[in-house]
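Each of the two complexes below includes chain A, the first together with chain B, the second together with chain C.
Right after this comes the complex of A and B.
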């Protein structure tokens, strides 16, 4: 191993820095999954009967389904009876002021770099924080309410806005959609709900912070965002989890409804615990994210920076139903050590003159496997549909894998679909050039990787882009051989 | 400033440098010439620390330090600059970001505080004027889509930013049109001071019209076989290397 390789190797082996556990009293239910458990979750949350029935229906559907195995992933057998499906910090999760928040909990979010007060005061970001299963804090609620914007936990939404929830929940990702979506519909414990009324432009970034803390639990959150006609909202989610030797399951569902002339930007910085450098532990991240552009000129944009999780299975998608609607997917997926990622998007063109754009940047290091999987589908009626896809892979070292699985199904002759793909490596010449300017290999790799991902990072809101940049560099520490 | 003694190196088992001796004092300009394949670029790379080459014998002291014992980045931070013959592209990384990191790494090494954003931008503006580098280029990615001339100007711009004690310019004149050559060469001349030194590797006398060398060395088969003053370059331009090689053999 020469000097550069050694440094690369060291860089890519850095430890996960969010691996701490918060010592906080947790209210959990017994392990396992059956109708009784589902009714118990629903009862714990004080849900109305219709919600309980929805859950039971989803559970029965789930029983008839099996795990999908088509992804380029090696997923160990998961024992669904060995998971705790509900865990909540015991402190009553309702706060009117910061003084009421459990100090341990506050410390946790401080450690994660999201001090709630500071966020409130300085950045103008409204934050909903979900610890284990329950939403612990939603900031800025009052400010938003003045504009008619609803931003609250899913539990509160079910209680306070049942009509909106019943109208839209499951309308984009029905419980019949797939194995994990059915599981989520049955057991989801909380999540965020956002409704932006007609013509309202949400003046601040909305953000949800997800944290798995309790051991042996799964996290199943459910997010629903509705942007009514002419509305605009930019939404960001971040995720971390403690280091544990066992694998933990995260099966979330995000649904987005974008009406005529509305726009939603959804950004994710996913940094679930990826497992250690031998591949032990880590989160199984099996997530269904989908949005629909229902009306004309609707716009939906997904941006994701994926650096965490042992296994990622996730395809944020756009159904472009409204004429002239636009779907975008910008992704940086970084895998290191023994991580596996199979991620991409689906762009379903239904309306006339619909446009979609896919920019996927994969970075594989260590012995990881990183796949892009994307579907561009153009229906008969989608006259004048256009898609542009760009899938780039960057390899660091020679033990990792990068794969691209683009699927194109076009039933319309007028469609224009473009696909570009590149694969590259960080060259010795690039490292030499940086070194000669006084930049050590470790920094040089971070610099080159960030440059490679620039186009996607630029799509993130400023403060998160900086966070994501650091995360990319850190996640690579210890990577090439 | 630079003292090279009996330097030998190999690449993939093949000996390229076979005992180079060279002494460069502050305030001097040295030119290294020689036929293709004589080891000129290898010599520059070895001084910079490129690990493709294995040093098998010899010593190099730079500013009193054991150069061969230093990492590539420490050599750079200590004030050794290499102007690359083929500058590489780093997509997505802006010149400004790249230089900011480079300048601040050097400052850190020397125990100085990082430059403020304002001071840095001022420095960039001032230094890019030396090589008439379009200020738009500094907001573009490192060397990406730069023309041959722009890349070479960009090397000298970086040299100006880092203000090295010793600059080694590897065929900085190759691929330049007449105007670009003048700009690059006068840029180098402007940067030359009594307290620094420059080593230029070139095939052509025309560069030396601008950068007037104190010594001209001829490298052949991994050794310096002849050293003269600036008139040697003119003679080589007229007569080629054969007379020297014959004399050497």
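Right after this comes the complex of A and C.
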């Protein structure tokens, strides 16, 4: 109990604690978007010609597309010419030890709660810390390199492993996929690249912290994870962003390729700045995340805890192409104040005996709108496909909304698809029970919410699970009573 | 440039304006111009419209359709009439026979041709007519309101309980030419009144017919209505129906719809629970074989607190049939203590059949208990094995399982008289699968 009380106590007092600006000189380019800007980004990053051409192609595609409006979201008009598409710390430092790192930058990470040394020692997590799109520090590289695992920033990958990047980049999310994927393919600044070779089990959890720093810049991350035959990797992604009044656009793309017998676990804790209590400011988080199970017996698991962003719009998806492949999606999405979320997943069953499982827990509080939208599609050839989806929504307060939009499409008679969803509030009986035992209402709500989300939180690696629990409670601050 | 479908239909209306409005109240005809406007504003939806992804109205309305503005002579052949004793209203291609009079019973019940009712009880009918249908949101509804010439009218006054069911028998047949028909009905159940209504849509021959049907049902405070619907259309027909139910305080509606056969069937159903303490129960069952398409789109609007709704729709599809279900439960802000349940279960019997199901919840109040479920699957092989062990042949075992599957719906038929008949029809249909 003490532990819980402490967490709740912590959190109920906090405002968004990651809201600060680091005063580091940043290297930016003019606002706006045109072919010249794209060539400039590519040149600044010292990319080969093929990459530049890919970007330009994507940009031309983007010009022909228009922003989709089908989501259950109220999105203010976005002026794409009013965004700075590239910001990098002026000097890209390369250090051998922590002492050499810019003290200001180090302090930023400390405030974020990522003490690199401690994490290295405690949990054996390799951290590829991304600040304003350019990777400034990569740890445990040597250990990984010994096993043949490549874990580096996307820019390095383009430089050092062009063949791998060319083979897989855009193979799961092509630039023609959607409006934001095209935009990302054109302007992406950096991101992470991970390749686990045949038969290798990555011994540690790989992690990246994204952070938006300079004002008025969009963050366009590009992540590519490839697990070759029989490989295993668990990848963690966490996001925090400083407080801003101006809305910021985050349009990332994550691609995962899982080969035969391989397994990838992708966990996210998303805590971008959600805007203040009046709904002013906040990040627009429009992300395309998709993985493909290419070979037999491949496994892909998405776990996400979404508490931040003014608007969240994403559907981490699994294409189950290999026979007997398995896709999983576990999600907790919490919205408070004026936040909006339209999130869920897509499970595309193509191979035989493919299985998928969806567990989604939505929590809406304040005046927020929280939607689950998910597609389960079983194609003609997917004999013996099996899906189970469960989507629950919890309502806290009478001004919020919780919505469920599942899409089930079956083209195969042997498919077995089940979907169920419930929506309710925390019952008075539950609160009464807690109150009777001396637990105050606000604490009780925290307890109940954590219990409600446990099924998903249990899927997270330990460090993340603790952070996620705290985040849930922080985000619910002031929504009770 | 090709004339658009909408232009063609508008022109058809404008050039026959006098014939359509003949003998109908002036203020009704005056209102038609606004339907023309709303029809022109929102074109017929195509498959690009999210709500019509599985039913492209542009394609369905395309081609040459004849439309007659006068009642066509009834077919002579014997028809498979519903074996129900009741207050019958018979319509052919949307028209009641010209010589039909409005029936007024001693207890104040009025039923019969909508056209006659509009002429003889103008104020009563126009008080309710087109108050519930979604003329602005659905262009097919606006189209129906534009072309409406006749239909069925049922009025049960305050506190009266109708002793027999009203049978609204819609029949369609054209002999040869592809024909477009408009069917309309209006059911009003006043305060504390009770009515049983059975609606039948049936083809009388194998001709192509496109039916645009709109039904408005209004249940006032404390009223109670049982609504059953049986659809038996031919394989080349298209039936587009809009069912609009408006419930006031403490009213109750029990509904059963069985779509036994048809070519393309599209259902837009909207149930508004517009008073406190309403209860609404809906059971639906559809079958699809061959190239049949059934697309059911249901919305239940919880607009006031303390309402309860339950919907269960089941489907069996085989051959190359398509079954689609989109259900939406909307709970308005402040519609507290809502309890809503919705489920859609499907049996997919062949690899060429397609099933799409989208149960949706849209909730803006917190003190609610809402849940939904959807399944797509086949028959349970273990249950079949169990039955075979006990000497039941495989075919029989499969049938038994399907009977069980549909019985769950059919057993909720709210009319004692119609129950057995509906069950027989469903079992006969299963035997064909």
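Just so it is clear, the second predicted complex is superposed on the first by the 463 of 481 C-alpha atoms of A that agree within 3 Å, B and C clash if a C-alpha of one lies under 4 Å from a C-alpha of the other, contacts with A are read in each partner's own complex, and residues count from 1 in each chain.
Here is the rule we use: a residue touches a chain if its C-beta (ideal position, glycine included) is under 8 Å from a C-beta of that chain, and two chains touch if they have at least 3 such contacts.
Small disclaimer: the values here were computed from a predicted structure and weren't measured.
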| Greater chain A contact set [chain C / chain B] | C
| message | Just checking: does A:437 make contact with chain B only, chain C only, both, or neither of them? Give me first, second, both or neither. | response | first
| query | When the two structures are overlaid on chain A, which partner does A:401 contact: first (chain B), second (chain C), both, or neither? | reply | second
| task | Return first, second, both or neither, reflecting whether A:145 touches chain B, chain C, both chains, or no partner chain. | result | neither
| query | Taking the superposition as given, does A:452 touch the first partner, chain B, the second, chain C, both, or neither? | reply | first
| request: Figure out whether A:43 sits in contact with chain B (first) or chain C (second), or with both, or with neither. | output: neither
| field | Touching partner for A:416 - first (chain B), second (chain C), both, neither | value | second
| said: Under the stated touch criterion, which partner chain does A:63 make contact with: chain B (first), chain C (second), both, or neither? | reply: neither
| task | Enumerate the contact residues on chain A facing chain B in the complex. | result | 2-4, 427-430, 432-441, 443, 447-448, 450-455
| Contacting residues of chain C [partner chain A, same complex] | 50, 333-334, 336, 346, 348-351, 353-378
| In the complex formed with chain A, which residues of chain B make contact? | 48-52, 71-73, 75-77, 81-82, 84, 87-88, 90-93, 97-99, 101-102, 105-106, 109, 141-142, 158, 162
| Touching residues (chain side chain A, partner chain C) in the complex | 70, 72, 378, 380, 393, 395-425
